Every structure is written in structure tokens, then in C-alpha cells.
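Supplied in C-alpha cells, the structure appears directly below.
Here the chain labels run A, B, C, D, E and F in written order, and each chain numbers its own residues starting at 1.
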Amino acid sequence: MLHTVNKSPFEKSTFESCLNHARPGDAVLLIEDGVYGAVKGTAVSGQVAKFNGDLKLYALGPDLAARGIKDASLMEGVSVVDYGGFVDLVAKHDVSQAWL
Amino acid sequence: MSMEEDLPGTGDQKKFLYVNRRAPYGTIYALESLEVVLIGAAFDQDVSLAFFDDGVYQIVKDQDTSGIGMKNFSPTYRALGDYEVTRLYVEKESLEERGLTPDDLMEITYEDEDDDWAEKPSVRLVSRAELSEVMAEQDVILSF
Amino acid sequence: MKFGILVNEGPYTHQASDSAYQFTKAALEKGHEIYRVFFYNDGVNNGTRLTVPPQDERNIQVNWSELGEKYKLDLVVCVAAAQRRGILDESEAKRHGKNADNIAPGFRISGLGQLIETGIECDRVVAFGD
Amino acid sequence: MKFGILVNEGPYTHQASDSAYQFTKAALEKGHEIYRVFFYNDGVNNGTRLTVPPQDERNIQVNWSELGEKYKLDLVVCVAAAQRRGILDESEAKRHGKNADNIAPGFRISGLGQLIETGIECDRVVAFGD
Amino acid sequence: MLHTVNKSPFEKSTFESCLNHARPGDAVLLIEDGVYGAVKGTAVSGQVAKFNGDLKLYALGPDLAARGIKDASLMEGVSVVDYGGFVDLVAKHDVSQAWL
Amino acid sequence: MSMEEDLPGTGDQKKFLYVNRRAPYGTIYALESLEVVLIGAAFDQDVSLAFFDDGVYQIVKDQDTSGIGMKNFSPTYRALGDYEVTRLYVEKESLEERGLTPDDLMEITYEDEDDDWAEKPSVRLVSRAELSEVMAEQDVILSF
């Protein structure tokens, strides 16, 4: 399954709920304000790292760039995709769940 | 790719899950999700609802909206059985975090046509892990 | 592959409509089919032709209308959600005794059944919202 | 006391406009003065007359228009926010070459300065939003 | 100062931020989905209780009733007000801050 | 009640604080708050801005919105000095929680007319407690 998360983990509990409900092997794509959850060295990154490996984490490049987040700031294991990559992720997984 | 390849073994039906994670009244998402469920009931698909996070607040009993000038739409959940929507998964952990017990929820039932129309509870309490399993089995997940 | 797109927020206030537009465009450019774009909740507000965004900003409604025109997209605004929020086409306006309508070119108003149908007919449904 | 009210979300989707309405009504009934109700962000969407809510639901626009009529309220929709979202009065529509307008009775469109002025002139400003 | 909070503490970090920034003697009024923060015996009530006493907590009655929350479910020290009481609170405090 | 009773000792001015607690681009609140600040600058009031919680993301440097089709409005913060908006309070704790340092923020300056037009930083790093003090001193707080 592909999960998409578009909210900052500092503002909303959406990302946390997604991580707690996703199953090993699932993919999580961070978009819009959700990309802040992909940054290392934050108050939530330790929590996120626990799921890293069991889950495959992606972040949308155009949303990272808009927010001034450099690739070097990302947690290990996070893959950056563009909108085309987003489309490919949706196609690759049977079901997409948007965590709104 | 033909449709059949993607479909589960239940003939032409797809498994639809409506995810409810938000409280009622503060925003319209709970109400407009319910409106999708009611319309969707006419399509003879395999329908389930999931209530977790703040979504469990949607089916708390004794809602009285007279003081805020909004319509109390909670009775509609009790009518879901008439629309053959009979599976409402409610996450235990979400209830506990909010200090709620199953007794705080409305009684929502349906009449089981396979069991001489016996009245049965529509709410199924599930753990977080069980809910994850339910989500993993779906063909379409709509979350508002 | 056959995609259905669900847009649940209006233009400008949330990024949802922008993200949905970029996704839809990318999917079309990769050769996928977009079965329908369904606008629900505040998403119906994407379908008004009366917006006048600042000249140095994108025009979200025009973006959708032009993409729709180019690829013959089915851009559907939910009638129930639209009525609550004041998005009407000519016949809806007439039916409700309103002296104006505001639907944008390329959008059509229809029922929620079109969303369910999207779920049934599509290989994938992707939702964008708040 | 002199109150200013700020409404930052549209009708129905968020409770903000309902809460603002109930607060304004209660303040008026207690004899306070409402200097202005300013609609900003998606709040401008409260000012369209094209909404057709279900018959068993409240009509938020009509509530505001009637309260405004009864107490001679100054209901101001921010022009910049309104343009982005497609809320126009007759002169705005004409100015931008649009063939329809949708402003509701009792609302007027004006600039953001009216919000600052509200902050300056009022003893209290109370905001409602998402 | 009067602080108003309209978001569920389980969904958003708004209430927590408000509590962390309010000063002793300030009043906090919970409205709309914010009223869930006034309930005792929840995952956040311990956190809220720490501020109770330093801050004066209020909850809007009509919003409690809409959500099926009984007075008996409220934390100790929370006062219930109606819209008229909301108006009085605004009038009583020099400044209102809406935590949106 | 006359206006004067409520006003601070700075003549006709009121102290306006614009609170920024949300990230840019995901929602429009940051941009439309900035538009209020710019218009408000014409009114000769005592204006400050506060950036905390996700609001600190608004003034992070190197924003590049070309890939999302939205306008990059971050340069406008650097122009605030020209509008005589010279006090931008930024909360240290909010930066730290987000793994940010002051070096990650744009350079925002103003020319101090009382000090021979010397260029000075507009950003004032404050602790959470200090920010609370700032908020307590205001006459009008607008938070978007």
C-alpha cells in the first residue's frame, strides 16, 4: 500500500497515525507540508527512524525545494521523487491511502 | 489491464473502505463522508467504515447540537444498517486515548438477512493491528 | 493505467488543488488515462470562473480548464457540495431561482455517484485534501 | 464595548463562521457594539448569495445578511482575498470583465485597510478560523 | 489575556502550544473541537492538568453538548460558559488571541 | 469608553502583533498574513511579527517554488524593513525542535533611522518565555 501524508508532523498527528497503521513493506510518500517529516535531527525524527526500514519513505522533491530543504538534510533511507515518480509509486502499489 | 485482474474474488464487487479520522461539527468532513457512504450504498459494492483517531467522536452518543445551530447528523449512523452498510470498525486504542469506552458509543445495528433477520451490532471493536489488516485488504480507500 | 483523482479543497487556501493538478499532468504525460477528476468538499470552489488571482500568480481554475481541454478530461463538481458553497451552472441556477451562475468552462456538475463510479472503474484513486 | 470580528473560513466546511455568528449575536444581545465583521482568507466565501444549502440545514449567508440588516452591521469582504476565490460585486465583475457577480445582500467588498482600522478602532478583536 | 483554542488536542498541537505560551493568570477558552481538551482521563489530560490552576480553563457549553460531552466528564477546574459567557470573557480580558 | 483609556503611552499608536505559526505553501495563511502586514504598515502603528511553531519555516532561506507552480513570496520578508516593519521575533525552541539554526534563516535587515541609517538585523531570537512576554504586551494580536 502507498500512504501519502501532506501535513507537518509538528502541527498535526497525521504522520504519526500513518506510521502506526502502516504495515511492513508499505510505502509512505511525504508531500506538501508533510515533507518536514523527512528531515533529520528534529524533535520527531527519532520517532520516524524507528519505522524506517520496515517502511519505505519517499519525499516529493518539488515540495522539498519550495521549503528550502536540501537533500543533505534528509534522514537516511528517504528517497526523493518528482511528480512523475509520485505517479509511478501510485501505479506500483495496489491501493493509495491519503492521510487527510 | 482488464478490471478483473484487480478485483477480489467476490464477483464484480470492489472493497470500499471509508476512513473517518476527524471529529464532527468542527469541520464538515464527517458529514460529507457520510453523504458519500449513503450514495455509495446504492452501488452494491463491499462497504466498510473505519473510525479511528478523532473519527471515533463521530459515533459518540447523546450529541445535542441545538446550541450551535447545526444539524445533528449522528442519527444517520444508526440508519446505515437500512442501507446494508453493516461493518463499522472502531479502533480500541483511539477510544482509550480519548477516555472513551464502547458504552459511550451509539448503538448501531443491522438485521442479518442470512440469520433470520436477527439484529446484530454493526460496530466491531478492533485493535490498531487488526485495523491495519482491514485497511490492507481494500481496493479503494476514501478518507475525508 | 486508469486513474481517478479526488480534489477536496478549494484553490489557493490549501496546496491540494495544485498538487492534484501537478499529479494529473504528470500522469497524463506518462501516458496514463485520467478517468475523471472529482471535486468534493471545498474542492468544488475550483470550478468557479469568477476568480481573479494576482497577475503574478498561477490561475488554478484556468490551469484545470486548459488541462481538461487539452486531454478531454471529465472535470466533475459534486452537486450537493457545490450547492452548499455557491457553485452553480446555468440550469442549477435556474432551478434554485438564482440570477447568476459561476461554473467555469470544462467543469460539469453531477452527483456523488460519479465518485463511487470512479472508485469502481479506476485502477487507482488518488485523493488530495487538507 | 466596541468589538471587531474576523472570520477566516468559509461556510459549512469549518465551524468558524457559525461560531463567529453565534458570538456576534450574543455580543449584540448584551448591548455591545459590533464595529465591523471582516471576512478574510476563505472567509470571503461567506459572502456569496449563490449557496443553496439543504432545506434542513442553517443558511449561513442568510444568517449573516439578516443579522446585518437587523443591527446595521458592516459586513466587509476583503477584496484581495475575494478576487482569488471568485467573490465579486457588480463593479468588481465589470472591472475584471466577468459576466456575473455573486455578492450577497448586506456584504460589501473593501480593502485590507478595513481590518487594520478595525484593530485600531475597537476595544477588542476576536478571530475565528481553522 | 484570553486565549481561544478550537482544535482537538489529539489532532493538532495548537492547544499544547497555547499552554506552553500562556502566562500565569491567563484564561484559555476551548471552543469547537477544542473542547475535547477539557475532558478528564484522556491521553492529554495529564499534560493539561499541569497548567490547571496557573491558568483558568473554560469550555464552551454548546460545543460540549454538540459533541455529547457531559459536565461530569470534564477535568476539575474547567468552567462551562455559553456564548454570552464567551462575550464576557473577551470583554474582561484586554486582549484575545485566537490560536488558529 | 474612550479610545485613550485602552491605549498604551505611545500616543495614538496601538501595538499590533502578527503571529505566524504555520508553514508556507501548504496553506495560504503565511502569504495572506504577510499581505495584511504590508497594508498595515501604512497605518503608523507599532508593529511586530512573531514566528514560532511551524511559522519559523516561513523565513527559511533558499526557498525555490519553481517545481510546484506557486510564487515564491519569501523575498517579501526581506523587504519588510522598507515598510518600517523591523521587529521579527523568532522563537529559539521552535527552531531547535525543527533541527534549524539561525543560519538557516534568511538575512532580514532594516536601516535604523535613529542610528545614522545603520543596517541592523530585524530577526530577534527569543526564548519561549520571552516570546510570551512580547505577546502579553500587545493591544491587538492577529494570528493566521
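Please note the rule applied: contacts are C-beta pairs under 8 Å (C-beta built on N, C-alpha and C of every residue); 3 or more make two chains touch, one makes a residue touch a chain.
Please read these numbers as outputs of a predicted model, since none were measured by experiment.
Undergrad: Which neighbours do chain C and chain F have in common?
TA: Under the touch definition, chain C and chain F have A, D as mutual neighbours.
Undergrad: When all chain pairs are ranked by how many C-beta pairs they have in contact, which pair ranks first?
TA: Of all chain pairs, the one joined by the most C-beta contacts is C-D.
Undergrad: Tell me whether chain C and chain D, two copies of the same sequence, contact each other through the same residue numbers or different ones, using over half shared as the line for same.
TA: same
Undergrad: Mind checking the centre-to-centre distance between chain A and chain B? Centres are C-alpha means, answer in whole Å.
TA: The separation of the two C-alpha centroids amounts to 27 Å.
Undergrad: How many Å are there between the centre of chain A and the centre of chain C, using C-alpha atoms for each centre?
TA: 26
Undergrad: For chain A and chain D, what's the span in angstrom between their mean Cα positions?
TA: The computed centroid separation for chain A versus chain D comes out at 38 Å.
Undergrad: If a residue has to touch 2 or more other chains to count, which residues of chain D qualify?
TA: Answer for chain D, listing residues that touch two or more other chains: 1, 6, 8, 12-13, 15, 19, 22, 41, 57, 80, 125, 127, 129.
Undergrad: Among all residues of chain B, which ones touch two or more of the remaining chains?
TA: Counting only residues that touch two or more other chains, chain B contributes 6, 25-29, 53, 68, 70, 139-140, 143-144.
Undergrad: Provide the list of chain E residues touching at least two other chains, using ranges where the numbers run on.
TA: Residues 6, 10-11, 13, 32-33, 62, 82, 95-96, 98, 100 of chain E touch two or more partner chains.
Undergrad: Show me, using the given definition of touch, all chain pairs that touch one another.
TA: Applying the touch rule to all chain pairs gives A-B, A-C, A-E, A-F, B-C, B-D, B-E, C-D, C-F, D-E, D-F, E-F.
Undergrad: Chain A touches which residues of chain B in the complex?
TA: Listed in rising order, the residues are 6, 19, 21, 29, 52-53, 128, 131-133, 135-136, 138-141, 143-144.
Undergrad: Give the list of chain A residues in touch with chain F in this complex.
TA: Residues 6-8, 10-11, 32-33, 36, 39-43, 45, 61-63, 65-68, 70, 73, 82 of chain A touch chain F in their complex.
Undergrad: For chain D, which residues are in contact with chain E within the complex?
TA: Interface residues on chain D, with respect to chain E: 1, 3, 6, 8, 15-16, 19, 22-23, 25-27, 29-30, 32, 124-130.
Undergrad: Spell out the part of chain D that touches chain B in their complex, as residue ranges.
TA: Its residues touching chain B are 12-15, 18-19, 21-22, 56-58, 63.
Undergrad: In the complex formed with chain B, which residues of chain A make contact?
TA: 1, 13, 17, 20-23, 94-100
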